[in-house]
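One chain, chain A, links the two complexes that follow: it is found with chain B in the first and with chain C in the second.
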Partner chain A sequence: MSAQKAIDALAGQIDSTVASYLEACIHCGQCAEACHFYQVTGDPKYTPTYKMRPIDRVYRRDKAPFSGLMKAIGLAPDELTMQDLEDWSELLYDTCTLCGRCTLVCPMGIDIATVVRKSRAGLVAAGMVPEGLLAAAERAVEQGSPLIKPGVLEKVVAKQSAEVGIPIELDKKGVDYLVILSAMEILNFYEVIGALAKIFKQAGISWTISTTAFEATNIGYQMGSPDIARTLVQRIVDSAEELGVKYVISPECGHAYTALNWDGPNMTGKRHSFKVIHILELLEQLRRDGRVKTKGLDGRRITYHDPCQISRRGGVIDEPRSLIDQISSNFVEMRNHGAANICCGGGGGVSSNPRAEGLRIKAFACKKEQIDELGGVEALVTSCANCRNVLEEAIDEFEMDLPVVGLTELVAMYLDEGEKKPAARKRRKKAA
Partner chain B sequence: MSLIWFVEQPLWYLSATVFVVGVLWRLFALVALGKKEDLSVARGSAGGGAVRAVLLHFIPHGGFFSKTFFHFLAGYAFHLGLFVLLLFAAPHVTFIDERILGVGWTPLPRWAFILTAEIAFAGLIFLWARRISDPVQRQISDADDHAGTWLTFIAMLTGCLALQESNDALRIIHMLSVEVWLIYFPFSRLMHAFTWVLSRGNMGAVFGRRGVTP
Partner chain C sequence: MAYQMNGSTVEHDEEGYITDLGAWNKELADLIAADENIEMTDEHWEVVNFLREYYEEYQIAPAVRVLIKAIKKTMGKDKGNNKYLYTLFPYGPAKQACKIAGLPKPTGCV
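Take a look at the complex of A and B:
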């Protein structure tokens, strides 16, 4: 295979915004200070701007102003080769969680995460997607989810429905809200389905889950395949339109929110006919409107891990804090919380990429430091099932004793259900 | 035709033209690459986000100040020093008055010129020393980074040597180095002097719509 396909794919990703980022980088290297992969390894090749090098070369050789002149006088960068692409595969797929923290420190405000995600399109075109991600994407397209086999959702929902004693109707037309879930929630953190049923019952919300478009995870978006990303978004759009819902609830999954809400309409080329609302936005809205009431306070010393795509890159920062304040008497914030928070280490497709596992676990050291500074934290609350899974795995590896809790579940535990007591807290066992 | 005349007349006009036309063309061509309309429902304002990002990134935020203090100090020392020298060095004020704008202003006294030049030189030298010694910067730097630094350094150094304007040769060397710098500028990363606004603004606009400014 020649590198030309990759070069064309990369050139196709460069618009005036990306070009302004590539033009403005002054190679100061400050972005390395923000990247957990550089921080834990000290290896300069993990410097964020270095990850933009392939697309930058294509830009300067083929697309930048004066590129023709530069080529003519022999000052344009060399054309990308398959070897270059192979060399950058690790940098683009294994050592960037698309967390966007490097943007904070960059004097030019460069959104490196977006450039890295777009750069992955070149590796998709060159057939250099890591095996784990590729297989997950194929399953997402063929069976509707990277992890959930056909028929599993129905069983999990039925079980949760029975557990909380609330009927949950699938594929119900004419309801207001369509709930989508991440595979990780269905597989590992299925209590969230019962939690939603309880909360929505109290709030008087009509909702359903689609059996064909239940999966919120967009693996195509993470791997950098515009085609697969579009297919997966379109599936949700079609289902929402068919069911006639007013809202699609983006679940506790970081990139699902970005992929569906912020980039979804740009991928399908059409404004959504429904509104996408993040579950935390909805819960906070319901709480403010008095439609969801809680009772009792969690006395544990808890802190909140901001999922990068929801906080720094999604703008949902105040809502989780307001919800936690409602149900906790001992909430403490990490240093650099909110938009500056440190990534779990496994976003952006890194956790679906077995090749990246060693570095991912290592990168957790940055997060651990942030948590350890607080001292005596008894529970870590978050609102992304992928973060939760990655955090639980790393916490085990680092032999820490720290339960990780989903915020929606925590709210449901303290729901004011009249006489009923809040459900007992238990540390969930990590799925095998 | 003397060298002095050549440097002061045709070469000056040529380099100034290359600079102005080159910079404008580069910026125009960059913006002309275009971008698609964002079809998502905005939570906040793109314009507000752009302004916030442009201002916010003057200072490293998110808890990085201590880690990037060197860049902050050396970067501002060099850039602020350079701007002050450019606009307030006595020969420059005269040059701007006589050759460019037709108006002048009060120049820096000599002691302030020397102090500012020292600050600017220190900033530039420290930035370059770091570029060649820090493993991260060594990994990411290219020939353009070094060329830009050296051309700027030479222009500043020859400028200091020519301060008294008593020696034509020194003055002409300074002017020649500035002319080379002007011609190099639009084709190089020195363009960051303009593109920083676009980069910060574009990022801020994207995230401003989402209600956050990273």
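Take a look at the complex of A and C:
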């Protein structure tokens, strides 16, 4: 491996958008304060804009206007070395969750999170991807999921189907909706499958899960490999086309939504033949249309953790609140909730990277502060399986007593399925 | 590299995970545990047996986080937590318990 490959890969990521970002930084340092890794360490190397330095150096040396002249008179920055790349590997992979809080505060509108993600392509080319991420990506390509072996999905779905007493048909053609799931949901939070079955039955929605393209996570997207990212998106696109669905439901998983919905068509090179809808968008739509009815209110003091990719990057901010309002009588908001929320600490591939564990747990202090300020919170609701997993682990580590709940499951818990149709009709007659 | 047991040898990789999963039995588990400085108690066996059942079901050796959660779901909060499991397996509940259970090295999380 040589640094040249990494330099070429980085140069390949510099389009006009990235170039304008690199030109625009005024080094004001506001992004530092926005980053939870900087906040908990106070170490200036964690300043988000500093993480753009490797790609910036390639830009100024080889791509920027007059870079040839600057090189000739010795004013261009030094060429990147393998040592530089190694030094930045920690900064790019371990201490950036691609949460985009820096992007939000940047007065110049630089999407630092995206530049960091694109910069990872250089480390992919140099063979410096953290082992945990690389192995997960290989398994995703080879077996269809980083964690789920062939045949396991069928077992989990069958169990959930039996649990709620609703048939769930896999690979069913001609249905309207294709549900994809994250490996974490299938392994750890499988109740969500039963919850979806209950909700969709009430709403009269036809849906299926594909046995070849069930995995929503896109490790290629997180590790910065455009090829693997494309392969994984293509798999879902092919399956959705084959099954002839109108919608693909992006599940309670953060980056899956970003990868498939916002970047998917750019990766595959054509428009999706279906619409990508986030599960919370769909639930809220069904609630508004009166197709999903709930009964009763959760009296616990609950708050909502906004997953970065869904709220800040995805814009799905009002939907969870209106859903929670429907089923909760004691909902409180954290400071900086919504678009400015603080990351769980483990997005963007950080939770798959054992090397990053120490700092990830440490960074949870920022989140903990937000929760503690509210006082007496009895449950933390969220809508991303990775957030949930990371939060649960940190809560355990900090010895807090706080259950983390998925919003889809919470909605299903309060689903009004008490009365059968004839009974409901009778009651209505009486009332009339 | 191999474990020696009653005159027979069971191959393992450089980290001590046995390479032929079919070669596992309870005696071997005791032997691997001794190698890890662990004396097997009922509490240890509970986790090891759980892991073997888990592997049967999901065909993966779970990473620590997944393991803790799965244990919490079936055995409750008192056992499904970091502290308890690290007391039993000080060098990592997933890694050590998987090794003793004759399973492959745990698969990382995503």
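Convention: the second predicted complex is superposed on the first by the 418 of 432 C-alpha atoms of A that agree within 3 Å, B and C clash if a C-alpha of one lies under 4 Å from a C-alpha of the other, contacts with A are read in each partner's own complex, and residues count from 1 in each chain.
Keep in mind that, in the parts below, contacts are C-beta pairs under 8 Å (C-beta built on N, C-alpha and C of every residue); 3 or more make two chains touch, one makes a residue touch a chain.
Bear in mind that the values here come from a model prediction, so they are computed numbers and not experimental data.
S.K.: Considering only the touch criterion stated at the top, classify A:Pro146 as touching first (chain B), second (chain C), both, or neither.
M.R.: Second partner only, chain C.
S.K.: Does the superposition put A:Lys155 against chain B (first), chain C (second), both, or neither?
M.R.: Second partner only, chain C.
S.K.: Tell me the contact category for A:Gly406 with respect to chain B and chain C: first, second, both or neither.
M.R.: Touch status of A:Gly406: no partner.
S.K.: When the two structures are overlaid on chain A, which partner does A:Pro354 contact: first (chain B), second (chain C), both, or neither?
M.R.: It touches chain C, and chain B stays clear.
S.K.: Which chain, chain B or chain C, is in touch with more residues of chain A?
M.R.: On the superposition, B touches more of the residues of chain A.
S.K.: Could you look at A:Ala339 and tell me whether it touches chain B, chain C, both or neither (first, second, both, neither)?
M.R.: Only chain B is touched by A:Ala339; chain C is not.
S.K.: Just chain B (first), just chain C (second), both, or neither: which does A:Asn188 touch?
M.R.: A:Asn188: touches chain C, not chain B.
S.K.: With both complexes overlaid on chain A, does A:Gly254 touch chain B (first), chain C (second), both or neither?
M.R.: Once the two structures are laid over each other on A, A:Gly254 reaches no partner at all.
S.K.: Residue numbers of chain A touching chain B in their complex, please.
M.R.: Counting only chain A, the residues touching chain B are 14-17, 19-21, 23-30, 32-34, 38, 44-45, 47, 49-50, 63-66, 69-70, 100-101, 103-111, 114, 261-266, 269-272, 275-276, 311-315, 317, 335-336, 339-340.
S.K.: Can you tell me which positions in chain C touch chain A when the two form their complex?
M.R.: By the definition above, chain C touches chain A via 57-60, 62, 65-66, 68-70, 81-82, 107-110.
S.K.: Mind pulling up the chain A residues that touch chain C in the complex?
M.R.: Per the stated touch rule, the residues are 132, 135-136, 139, 146-149, 151-152, 155, 182-184, 187-188, 217, 219, 351-352, 354, 386, 389, 392-393, 396-397.
S.K.: Flag every residue of chain B that touches chain A in the complex, lowest number first.
M.R.: Contacts found on chain B: 22, 25-26, 29-36, 38-41, 43-44, 53-54, 56-57, 60-64, 67-68, 71, 75, 131, 134-142, 145, 186-187, 189, 191-192, 195-196, 198-200, 202-204, 206-207, 209-214.
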